[in-house]
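For reference, the structure is listed below as structure tokens.
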Amino acid sequence: MAPSFTKNRIEAFSDGVIAIIITIMVLELKVPHAADHDNKAGAALTDLAPLIPVLLSYLLSFIYVGIYWSNHHHLLHATRKVTGGVLWANLHLLFWMSLIPFVTGWVGENHFAAAPMALYGVVLLMSALAYWLLQNTILRVDGNHSVLGRALGSDFKGKLSPVLYIAAIALSYVNTWLAGALYVTVALVWLIPDRRIERAISEDQGKRTEKH
Amino acid sequence: MAPSFTKNRIEAFSDGVIAIIITIMVLELKVPHAADHDNKAGAALTDLAPLIPVLLSYLLSFIYVGIYWSNHHHLLHATRKVTGGVLWANLHLLFWMSLIPFVTGWVGENHFAAAPMALYGVVLLMSALAYWLLQNTILRVDGNHSVLGRALGSDFKGKLSPVLYIAAIALSYVNTWLAGALYVTVALVWLIPDRRIERAISEDQGKRTEKH
Amino acid sequence: MAPSFTKNRIEAFSDGVIAIIITIMVLELKVPHAADHDNKAGAALTDLAPLIPVLLSYLLSFIYVGIYWSNHHHLLHATRKVTGGVLWANLHLLFWMSLIPFVTGWVGENHFAAAPMALYGVVLLMSALAYWLLQNTILRVDGNHSVLGRALGSDFKGKLSPVLYIAAIALSYVNTWLAGALYVTVALVWLIPDRRIERAISEDQGKRTEKH
Amino acid sequence: MAPSFTKNRIEAFSDGVIAIIITIMVLELKVPHAADHDNKAGAALTDLAPLIPVLLSYLLSFIYVGIYWSNHHHLLHATRKVTGGVLWANLHLLFWMSLIPFVTGWVGENHFAAAPMALYGVVLLMSALAYWLLQNTILRVDGNHSVLGRALGSDFKGKLSPVLYIAAIALSYVNTWLAGALYVTVALVWLIPDRRIERAISEDQGKRTEKH
């Protein structure tokens, strides 16, 4: 069956890119080594202190990329037909996600300063819009009465996130901790499992299995 | 079915390499950090200004690699038989594509200077020739009357691109903006979806489905 | 069959991340080049001497990541059902494993100093706990009477490893060689093939094949 | 069918690691940028001159890794049964192959000096032995009368390569150009397509298809 084959390859490629994005971020955790500033060995636990904000920003971005991977997984699972438009909407999402390691590194190295925190929100916002665009492209191809259409329903989380990102971007210049708290909040909102798509899919599979 | 298995593995490997190529480029976007030149924090938005040409060249190359991935996807989808020749023509294409991150970084760091712009075109030209070679190797194995043969037809875009690359390489030493405009033009020409292969495949699938 | 499809994509994504983790570590083996300290060429075998501890720590971590990949492979092979909980327990494991290249580099560059050796154990301990959590999440979904439940049995190795890691972390500050010996011991314990799961799976497959 | 599933995942993981190995090497081609030694822009074609040996060694290693991938592809294609031993023989091969980017970088940066050239041969030799070990592990499991056993026959190339590597390692200290010529020779020997395995497989598939 050719269409599912095409879908498989989009998934494989996306998995590859997302796997690299999520792992590249760890390269920002640079080993504190001997020759850095003086000739001391950099082998004490205290040498890791400057890495703590890098680790925290890595953790948050790891969760975000994980959420995107998980949602992307469910979204394409529910997809029936892949067109050139879907393919490019997917690449567009991967482009914005590929900037996450950069802004994560910038946030981490500058201990959550205002401009990096704001730019972090901009990249998350653009990723969210790209995801929304991908979702709508798929819906337009598959039709609103498809499994996906029923599953998404009101898409509350998808509509809430951009609003919170915009608030966090503005707040970055007021209080970076508030901005950070908003980023953590959005991550938590998404971590709560979205059972709607899963349920709709398993209902649909139930029906299809009965027909076989 | 063994041949499709072989094809799957070429696709999986190509997807892996292309996914790494497209993501490695983002590593050129280096976080502007504290210890770079003086001890200032590098946390202002203005610190990102030197990264703008790097980002622009990344965007263009991302689109180019995306186009290659999309065309490669369609090309192999329409392929029936994979031989050792196809396998090496594919590796040859991946070799030239693997140089794209290097020339992209060189262009970006030197703000679109003449020599980097020309070399960018050389790598794109070699990739285009390698793609053309892969396509012809597959055609020779599958036969001109195959789905692919019918789908490609005159292959206008494939013939136009090398001409424009050569023009851009020459123009790099005259006016880099003209060269840049040509690279953007080729990308746009390819972004316009090529429905021929898609249509020919779905027709063919229609016929094969009827036979089942 | 949708559930196995979901499983395939978790495996593909995990394979991607683990493949990157295992390969990224080799980047710590930095080419000793001309401009490093003086203008000598760095082309003698003796220039590699400082890389020996880096190579040794790379080898040990390569084996650890290989063990995780192998066990992960068997674990998911025996899994029937994938839920959102399984997906996140898996991402949680990948997060801790993604820190292995960092601690490996820190250990290698500091010639097995106390703090890096202890942190190496902490990351291995957290990875082991994350693996245990993933295993239990899958068991809770699949049920203790599943293939996996029977296969794991007492899970002796899984219970022994964390104890040895904790001992090694404490020993790092007493004698780093003892700590290192413990890390090597745990790796050897796991390298001895665990035939239980393999046997239980092939028994189960035997039964299922008979039913077909 | 569970065994083929297991095989698929070994292939997918190996593809991932080999794809990263082949692409990581390109990172040694470092963009010659402004701040390197003085404040000149590094944007002339002559700035690329020191990169030529890096590019040449990259090209040779790219071909070597490509040969390994192609042979690995055929080897596993002909494999029927995967055991824990096969899995670890495969990881052992990937370990040695993962050192290829390091020795390639060392050779390239030192313009084919004696010690790097010798070490390059050592890593190729160890990779060849690891491949031979993997092949034999699979043969022991599958039996000499398997497709693979018939296909390999005398395995002339597999026996010739280690001899030539050892000669090249010794010659590195006499004349590096001779050593280099030997490495190029081995690559060419392997590039000539090995039709034996392909033929044996297609014969076997012919027979199995007849039985269906």
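We call the chains A, B, C and D, going by the order they appear; numbering starts again at 1 in every chain.
The rule is simple: a residue touches a chain if its C-beta (ideal position, glycine included) is under 8 Å from a C-beta of that chain, and two chains touch if they have at least 3 such contacts.
Keep in mind the model is a prediction, meaning the values are calculated, not measured.
Set against the Cα centre of chain C, the chain with the most distant centre is B. Although chain B and chain D share one sequence, what matters here is the overlap of their interface residues, and that overlap falls short of half of the numbers used. Taking CA atoms, the transformation carrying chain A onto chain C includes a rotation by 90°, reported to the nearest 5. Rounded to a whole number, the gap between the C-alpha centres of chain C and chain D is 25 angstrom. A straight line joining the Cα centres of chain B and chain C is 35 Å long. Under the contact definition stated at the top, the residues of chain A that touch 2 or more other chains are 12, 16, 19-20, 27. Partner chain B is touched in their complex by these residues of chain A: 2, 5-6, 9, 12-13, 16-17, 19-21, 24, 27-28, 83-85, 87-88, 91, 94-95, 98-99, 101-102, 105-106, 109-110, 113-116, 118-119.
Looking at the complex, you find that chain A touches chain C at residues 11-12, 15-16, 18-20, 22-23, 26-27, 29, 31-34, 41-45, 47-48, 59, 62, 66, 69-70, 73, 77, 191, 193-195, 198, 201-202, 205.
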